[in-house]
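Sharing a structure here in structure tokens format.
Labels for the chains are A, B, C, D, E and F, by order of writing; each one numbers its residues from 1.
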């Protein structure tokens, strides 16, 4: 089956200080677009899958620029709507060595945060769609966005669409009066595939386990619709040197990727989304091969550390190259 | 008397597409700070006057960068407060030839817009201050900001401080439910010097006159505290070629500057503030010489067209040079 | 009727020395894409029309980048094919004042020049298309490209599609052994609308007339299918200061636009294509209004002088603004 | 006690080839200001201490730019004087891997080198000051600068001000006819805290010891006023990968920091000054905690390797984060 | 006869704030080399003449970069010597509109200023040379440089070499205790061709005449060796819009070029040198055609206004194009 | 004996995406020139040797820019000829971490590929030359270029000139119908020194040996004129972290350099040429010292990893510094 994936979430403007300058040193900021779910759509499109994105952006130059950037990268943006006052943004300072990277959000009052009830016709949006992807960021930005997510999930489930969710817990959001534990369980119950980590699973569902296998099993227990639970483990030696490893549990086995040593990190943002896109793409293409999926996802995320910006501008062939041990040392001519 | 001027208003981040690119073409945006009243403070400081600025900025990197930029330019920022969630910003696309410049505001919900009643202790703020400057932008951003302006004006008047106001009508603001005509008359009654144009005077006070002299006289009538009414006339031949002329009425005579031909405009934003700063500086130094004031102000505004960014990085000597007919043709060695 | 336009021609990489540097001074070159017919498609899409583009590009990063750039700008590239070895390119040095601009072509052996007979299935390509646009550049690059143009025109005529042609005579091309006078008459006979100038009409058809009206009438005589003949007149005061005027003859009357004074030219390349796109768009929307068409086209071309790069990143509303006398002097907020 | 520190030394313009280009490759040079003692003042101000700087700069754009940069960073520059002909400068080429960094001085005949006797009124300069910092560079640039340093030290001692000195031996200076051994002992006798290394201590005082503890004890013996001797040890694996460790002897014990592994060095210049500022700041805040001081200083220096430019744009909280083991791996949101 | 020209003077580093930024705004400075006599050599080499340059530069990266730049442009630098401590430099702020350009010199103590007596073996230097060019800057920088100029002129005269001098009066130099009137007459007596203006001729020789013809005739009288006197007249409408005209008197007639209108000045520095190089080149090629010489020189200078940097990167064909009325309006393909 | 080396090969334009951007992300491309044999010439000239380069370039701006760049770096370009239509080029994407670098060639139909028989007069070209260097790239680009290489080698041998060849096998070339094994043996028979690797030796000559010593001995057997066989071994840990080691066999012994660990690779291209230039330079200066030659060459190649661009902008002293263990950790002041 050829999958068509629809991703739903907020598009953001990322304003980055270049060349490891601090924000206070930088005479100009690089303009890039991002958003966890948009990143997944871009990565899928680069892998050659059909990927659509649905969101609300303001009907001004910044909103249009965001959509154009997605179109350029072959993401289908026909479902995107113009609505609201502003595109959320963040300022980004890239760390290096012992100095950490810094994200300074200015995303309140965004178009998506002010979505109104029923503004998106989800039955229409899901025409032809076989996979729906969302993340824990959307229900965190406003009650309206949480409600829209719930609407989407109910229709998707009704239409038998596969559903994936990246937990993406951002403690700095969730400012509208609800705790994640009041919102997320209801939403996650519709999902087939989730990506999280132990702390987030604890925050969202109160499940606490140090052992990844136990953690997954308990989570499967609580969410019977779940087919897969994915986790990632990152060790930070320095801001520009990490290790990275992926896990994927299919209710029977915890499959593990190799652990990648990632020195000379060019840009760490978006690597979780590259992992998620890798999972979705691999599971769509080789449904039964769970080990392949986690290996593909980990290699995808590893390569994303070598791309400036959040978008995972990496082809399927390049991911497979890394899976096969091509560590980037040869010049391709 | 040595004057100390305090300017009150909103500090803004300006994100400019460089080199006449459209926003949609620009891979990076130049980082600059501005704000009508801050611009006046910077220009006064460059002229060698004592200038302070009071505002609210968020306690984050962007807020701190804004204040640092002012400190670098010798503006006293000791009264500035950290408060609120965000620094307002706008995206700027610089026109050229037949293509107009474009300002795209994203300034709602700013720190200053969410000022609370009594947050600024105006009696303390005005210690040692002899001149207070504000503009029509502040009461346009929120009821709270309009209220704070009124508080300031009442205390300033009580302390016998000279008061100037640049009308700066922005039709895109005034979204909180009040019309300018409901707010501005009450505030302008405290002023000694105003800078406006015919359309704004009509919008604010319902006074309509094509003849500048009549317009000024009617306005003086309505606002007995006023000593001076300033106006500017710009003719736009193209986006990068304008003419500019200033007027200053002292209740008796309408004094006019020469009309400057300004080709090769580098950056038009902030020129009204450069005019205002020129007026304030000249009137503070040579109180009786109204003709000098309008001439100094017009030359200051003219030179500001040749500076990238809104700040008027021009010395008093350079303004005087232009007043004396130095049209920029010689290389200063 | 809602028109769908298909443009056929070569996509080129433009490598420009920035900031008026000579090529020999420039440490880096700006990357832009262009091509007379692609420029027309982009301009139509920016005006809100449906515009497609068909060409051959190499299946490498440069070919893909070219298509992505068009997708970003809403041009339909689904018909583009990957074929051949290289994307043609040119180096561009932007003149200023008394120094002329310079285009240094390196476009031989391009993908489109090596098109093979029947490679494009024109019947399929023209599905749903109502207007076909080509230019005199394509038949100039190789016999194969001239043949493909002829194939296209024959099918388009058969399908009753409107046909426009920009003459775009480039004396530096036409190196494959044929003279333009051997090729162009056969191709032009299918056209409804042509854009040329006196010298080119003489070169292509041997028609020589100083009077524009006579020139048009003689050309109409030779090509009975023609409905409209357009001409443009440019006076070059300096490299960065021109005047520009358009003409459009509808077999009855020569309609003239106003003459625009264009100082501070940011980038002159592509202005003819902006004129052509203006004609096509206006004639598609207001078929009977020939005067509107030439006015719209001239304003479109005028604005294109204020855009860096060849693409006419100008909306219909902005063109209409200039037609209505908005000369760019106001800051749009 | 709240300390007020005054730093005395030369301000320099640093012209850096960006992006690891060699000087001969670089079409432009980044403009930065530096100077060992100014760097200490900046770092102290970033830590939240009161820091002033006193120097002589020429009364031209370059001199003013230097002072503005310090003001922006909250250094008190009120004592700085305009005098002399030029600001010293150096060209900087940043090494990487096996290629070393290169500093090319052009600092002779600077404003500070041509200071005249008594030009600074040290009694006035020291009003309210509790800590005075100088370095071995100033007495190396001219006899006049050495004399001024001695004047300063004598007054500081008389006023019971704490005195610190970074030895900063530059063999390329000391060209005015005196050897460091003829000048430095007399100046160092006034100091409470010195920062040096074994070679410099040998050059300045003829004390030679391989063992750091013995070296410190012998130096304490020779300079009875000394309370603390600090040393640093750097191992250079490559130009962009060093290790760094600090030592601080309080006459009783040699306290050692952990050894930091510092890969991905962004800019090594100024790290000794970041160490010195760390020492001063920590000793001013927690006078008795010598271990804390050396730990704080070493973490401060380590972080400075991750900042472009010499200024240590690092907050006290960031230093403490590294002291607590935060190695920069997390993105701060 | 094929001429070989040797130019003697100081090479300077020019550090320019780009894009019309003020020095205080510019995060980086463009690196360029210049020097009146080096500029003449470069322009001659671009015209296809043999041009050599002789100077002293320091044996460091900056000195080597300067010479490399000349080699790249086909100037023969074999006679250049490594000597002294520093390459003089200046900071350059480019004016626009009503804001004047600004040159901030930091050239004292340069290699050439510290030339020693007899350091250049002029007999050897002049081997094969037929034309010697110097300017009034060299005798202005130090007594030693003035002495070296005199040595050169005496040997050149002895060898019957043609001698040209650009007066280039810089009031900011001449700091070593001599007035230009004490030095220049002795040096100018050897010259065949001089380029000056009325004020400089008055300063150097005390000759004062408003009428250009009279001025020339009186100067010819005082300097019998002179064959040609050249003058230029610039009118500055704005910093970026001048007019320019050249004059050349051959003892019989004052020949005048047309007056060029030069809007959109990209960079004014070096235009006098472009004029001088034009004169030398034209007189070398068409000795008898004085009118051609002044026309060629004026067109050369006019085009130099359209080149960033001081070097006149313009070919002989381009100059002739402008002489023939090509005002830069056509795109050369 | 003072050697004069002549290098023969193709000059290429390298268009690099800066800062590790992918080509598709980069708004501009850095302009650099390269070519294996030109790189050798540049490196020799930087070491202080006399190095000439002979090639064909088009008589346009790009061809002239290429030669100017070589002149700037002291390469003698007097033998270069203007001929043909285009300079070959490649687009370059710099890898990092796990992402490989990418070279996208667009070099077909270049000036050198279209050289005609006898176009270079090799007897004249070799006047005064003692060493001739070529590489396996030239015979790979066209039959004409292979023929010209053979002509050159025959004349060089006749004149008793030492001959070196870098094998430089590029599988993407060799498109004109010949296999390397049909061409290379005939050319290599004239050589004294070759640089290759096992795979290439197998491809060119069918010699297959895993042991480097055996491989060398068999190759010596097949090519009796050979004096030296050089090999290099690179291990790629990541795109930006390699190890590098050189070997040089003199028919008796295989001499090995130390193995360098090279993290933080700035630019890997051209390192083989830096090795080759190191060999040539060392063998020219210290003919008998084979160990010195391989050590010098390996250090030269190691340093080249720290230079942006292909040219080895490294002095002999810097190479010797690395040979002596200076690993780049000290700042040279």
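As a convention for this text, contacts are C-beta pairs under 8 Å (C-beta built on N, C-alpha and C of every residue); 3 or more make two chains touch, one makes a residue touch a chain.
Treat the numbers as computed from the prediction; the structure is a model and nothing was measured.
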Between chain A and chain E, how many steps is the shortest route if every step has to go to a touching chain? 2
Shared chain contacts [chain C and chain E, defined touch]: B, F
Co-neighbours of chain B and chain D resolve to A, E
State the pair with the higher C-beta contact count; candidates are B-C and D-E. B-C
Comparing centres built from CA atoms, which chain ends up most distant from chain C? D
Compute the distance, rounded to whole Å, between the mean C-alpha positions of chain B and chain F. 63
Just curious, how far off is chain D from chain A if you go by their C-alpha centres, in Å? 45
Can you check how far apart chain A and chain C are, centre to centre, with Cα atoms defining each centre and the answer in Å? 42
Among the residues of chain E, pick out those that touch two or more other chains and give their numbers. 18-19, 24, 27, 68, 102, 263-264
Just spell out which pairs of chains touch, all of them. A-B, A-C, A-D, A-F, B-C, B-D, B-E, C-E, C-F, D-E, D-F, E-F
Touching chain F in the complex: which residues of chain A? 18-19, 260, 262-266, 302-303, 305-309, 313-314, 318, 321-322, 326-333
Residue numbers of chain B touching chain D in their complex, please. 68-69, 71-74
In the complex of these two chains, what residues of chain B are touching chain C? 19-22, 24-25, 95-103, 105, 170, 172, 234-242, 263-264, 268-269
Chain B contact footprint on chain A (complex, rising order): 15, 18, 23-24, 26-31, 60-62, 64-65, 68, 85-86, 91, 93, 102, 104, 106, 108-109
